[in-house]
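In what follows, subunit A forms one complex with subunit B and a second complex with subunit C.
Let's look at the complex of A and B:
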């Protein structure tokens, strides 16, 4: 007994000395580790901020676009059409509509370019010399169709002069924003000298201004009128795909995870399934695109470039992510909670649904939202199922041809009119990133809210 | 196979039934029968439990009398919790845990494949060594069992059950104003009483209590002991305890486990005052533990 006591006293003494001696070293390591962690975070945040900053500075100009305010005269000498057919008594609805279509076609055939040309000439300073092509080059081509639509909607415009805001062409926009080198010789400029001079003059006179480009969100993609190209089609396509992923990947993924984790017997088959789910999560996304093309398009005959196929492919891609995240969330639930429920006589299913799922719900929700956000940004598989096709309409159903936001970015990035589309691409990226940030913020918000409740 | 304990015909009160007298069916357990015979509804026969390759219980055979409290005592790690978990098949939830032998409740083997374990657990309630309330409100904790079994015919009746259970567990006064607050926010001792209230809310026939008072102060302990004494009149209770005094206060029979074996069982006063087996004597007098 006695020598043990001596040992303890000696040990206590040694402890006192050793602790004191090692303290400064321990604190140093502590400080180093913290400093390292802080540095890592600062670097990561810096990189993210740089990326966002670059995107924002490059993309911001695209949100403001050169717009002309022109006095447009619906000249009866040019628009030589009869007044629209009135519905005769006794005429059937179908007949009336057919007559209306004939009239609309005649309106379309009117020389709308001449109307635009006159409007531009009238805006130019008196005596300014400009040829027809030069005048038309100032205005985006889709504006002719818009004038036609205005007239069809209101035939009373004939003979009137109204002020119309029209988008300047992409080349005009480039010139005015300086995205094309203004010092280049005439031969290498997209616009003639007259057009450029006129553009500068109109800008100085305030007849051209930079207005917010709402059409970026309301228009679909356009080749013939690049200045009027928008994201609406791609956005709706992405939305359909997101809904499909939410509707399929989340319930299937969560249900499989629950089954595998809570109910499946542990044997070789379930081990094999587990290994393969992990493998699936590591499969490059482009392979899922190939699979989608082969299975959904070739075998099941689903249409090319359709959000339904994209949604199914992204569902396959997202499933393993959701399954793995859900399983690890379930595994984190302590056995004692399950035992507590089982001990009062809850069945395994009741235990899972009444006790295990509620506590894991925030984590499952977060993983699902992040999985969906990932799917939303996925590009490679979409290229293989034709979603990078040029589509100039908003898909009415998920079975219609459509693009998707990331595929649209890819398309714009490769557009020939680099000067104009560089900013456009960044703007589209900003929209996509904005969507992602919204989704992730939603995930964080829901998680903190649900975790506080209980 | 169910084997009944042969009548004690040696004449002497509390005479031990030695292994040789009882035959191989009883292992090496020293048994002292009750002077007043009690009905036995729960029997364990030749129970072996393995965690993987490691055997935790060796050939345990024990009769648990009805309307009485049986306490399980023994040094830490001797298998008391393991035995308790066999009775409501909570061992099923532990991976690699294997139980052989037979445990019968009312003559039916609870390990029979035809037996519904959900029904078994509604008949055999359990209070765990570590308090494990649901991360839900105090009210929900107690109401959960009666609700899933459909015990209450109305909301009001469910409320009555909850209040009565909380009262009997000696928790009512402390939580009556915080029924909507999470049960996990209570103190350790309050949580344990909440778990007791949760267990008795479904009125089980057998109640297993694994050191229910280890986290309680003497006053709360007294409340629980009173509760146990009250419940005894209706139920079959098995309690694991490290306190000899508690065993003496609440239990009628005591079983002493050592290193996975049931060394001795008999009326509590015999085990605590005149233990027959050498190991029991050593444990009671504090020489092993």
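Let's look at the complex of A and C:
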């Protein structure tokens, strides 16, 4: 007996020693694994931080833009138009509008450039010599249209002098910010020596200041007036596409996932469908673009460059993502839940909609938002359906021509005024990334909130 | 949950109606333009100014895609889903007109908007290039006629091609064949250089058209892609449009061709050898169907836009003589259409 007890003690001791010996090795492995994981996260975060940092440092200057405060005189000697037509008694709405259009056309023909030129000359120090072209080069070209619009809105401005904040031209902005090398000789500069000197003088006098570029969000794209180019058109285009994706991809995707997972019998056909859905999720997005161009534009005759086509193409692209995510969420619901519902007499449909779906709702919502965020950033298919066109108006409906945020980035990246548009492109990327972060944060917020409730 | 499901169903139904409506709506009130990336900046500027001057029309939409791509879309047929105007940096080809006619596009109206120069440029800190067409030909042709026989091109650096050129490895970024610029490059530079190299009469057919694959980089995208090439490999010589070079004079140095520096003046005077007219083609069948086409064309060709001292000159377009422009406007208004036999 005693021998056996000794043996057991001996054995236990040996085992303890063995465990102790292996323990340090296991701890080492554990530490190594943790260190490896931490390094991976640090590298990933570092890369993301570098990307964001680069974008932010490149793009941040684009949010502040050189703006001139000029005293503009609506000189009656230059704006030689009759007073606007008053609506006569008994005149129909259409007639009045036509008369108004004729008057507006006359206002447009007035020499607004001369008014801008005078305003610049008046702001210059007394005796400063500058030619017409040089003076106009300081101010963005669309500002003359803005003066005209101000006048059309309020014809009483005739003869008055008002202080107007006008955007400086892209080349002036480049010069003042130093995005073009200021040491270069005259022949390599975009602006004449006079214009450059005047810009510096006005900046020193405070007549030019750097103001927040609100127009980046309120204006549409512009090539004629690059300094005034903004993202509004692209933003609305992207918004329409997202709405279409949400309205189509989410219900169709969730419904097909529910059917496939809960109701469909398991046989060859459903297996085939499953394989196809998984394949579709891996199809490159450019293929969906080709499909969209061939089917929606050529066959159904939907308009080119329209968000409706973009939305449909992106819907096709997002569908597999949503179906797969929803199916795996449904699969994760314990069988006991379904059995309990069926046991108390619920029909299969009731089981799904009253008991299974509510549990999976947070997961479905998350997958939908992430799918939509992916679609928001998708560019390749949009290029094939003409959404990389230059569009200078905000689309009123999804059937109007429009650009989209990623396509706008692509367009600005290709603009010939590199000095100005490099910062602009980064600014647009920042806006797009900001939107994506917001969407993803929303997904996380909704998931945690809803999960707590369920 | 039930409500959410119902709401989704309703949204689906609404979206369905939406799409069905769109498919039925067979009209369009925005002028749709596509084509040459050289013409695109000019056309975009005109589109914006046009909508500022004519508030009753929507701003025309201008897409890129190269001259070839634009004309292909243009010739797809007569319907709202095809474009109204194709921008081109070369003249339309007889084959393209035939495709157009086959698809029902018979009223093709040609409009010339002005001239553009094609320039060779290097990064600002590189040596000065004084090119002759024959230098370019000798640098990039796959085969050269040396000492009485055709041999693979032996030149490694520009200095070997001609002693006056910098000692810099040969690398040339040229537009791919989807660009109209490519055709002008082959016609005005390569063909001229080939001729100047005094080739024998029995030269093989591809002696002129076959380029070395190792030194020629074909750029299918825009000029910014060519510029990016120059930045990643500073030894590259790039082919650009004059207006692009003009806006990037701070980073690019231009080469003279046959001793002439490309400027607005030398090109307008016809001294600089590598220039070409720019066009757009209007689909006559769409005039009156899509509103504003007549007005757009007249506005484009008006002196304050396309004329000397006009809006487009300041953007880098070389204005054509006023009489030439007026002639194109007159034949456009008279409805003169282009036939394959005219080309």
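Miscellaneous remarks
Everything below uses one rule, namely that the second predicted complex is superposed on the first by the 439 of 454 C-alpha atoms of A that agree within 3 Å, B and C clash if a C-alpha of one lies under 4 Å from a C-alpha of the other, contacts with A are read in each partner's own complex, and residues count from 1 in each chain.
In this text, a contact is a pair of C-beta atoms (placed from the backbone, for glycine too) under 8 Å apart; a residue touches a chain by one contact, two chains touch by 3 or more.
In this text, all values refer to a predicted model and were calculated from it rather than measured experimentally.
In the model built by aligning both structures on subunit A, subunit B fits alongside subunit C without clashing.
Of the two partner chains placed by superposition, subunit B and subunit C are both touched by A:354.
With both structures placed on the common chain, the touch criterion links A:252 to subunit C but leaves subunit B unconnected. By the touch criterion defined above, A:335 reaches subunit B but does not reach subunit C.
After the superposition on chain A, the angle subunit B-subunit A-subunit C between C-alpha centres rounds to 130°, nearest 10.
In the overlay built on the shared chain, the residue A:169 is in contact with neither subunit B nor subunit C.
By the touch criterion stated above, A:425 is placed in contact with neither subunit B nor subunit C. Subunit A has more of its residues touched by C than by the other of subunit B and subunit C. Here's the short version: in the overlay, subunit B gets within 14 Å of subunit C at its closest Cα pair.
Residue overlap on subunit A between the subunit B contacts of one complex and the subunit C contacts of the other covers 354, 358. Within the complex, the subunit B residues that touch subunit A are 88, 90, 93-95, 118-119, 121-122, 125-126, 128, 130, 132-136, 144-145, 148-149, 182, 195, 198-199, 201-202.
Only residues 266, 335-347, 350, 354-355, 358-359, 454 of subunit A touch subunit B when the two sit together in their complex.
Against subunit C, in their complex, subunit A makes its touches with residues 101, 104-105, 108, 133, 141-142, 145, 148, 180-181, 184, 187-190, 222-225, 244, 246-248, 250-252, 254-255, 297-298, 300-306, 308, 312, 353-354, 357-358, 361, 386, 388-393, 398-401, 413-419.
For subunit C in complex with subunit A, the touching residues are 1-2, 4-5, 8-9, 11-12, 14-15, 18-19, 22-23, 25-26, 28, 30, 32, 34, 40-41, 44-45, 47-49, 51-56, 58-59, 61-64, 79-81, 83, 124, 221-225, 227, 243-244, 247-251, 311, 314.
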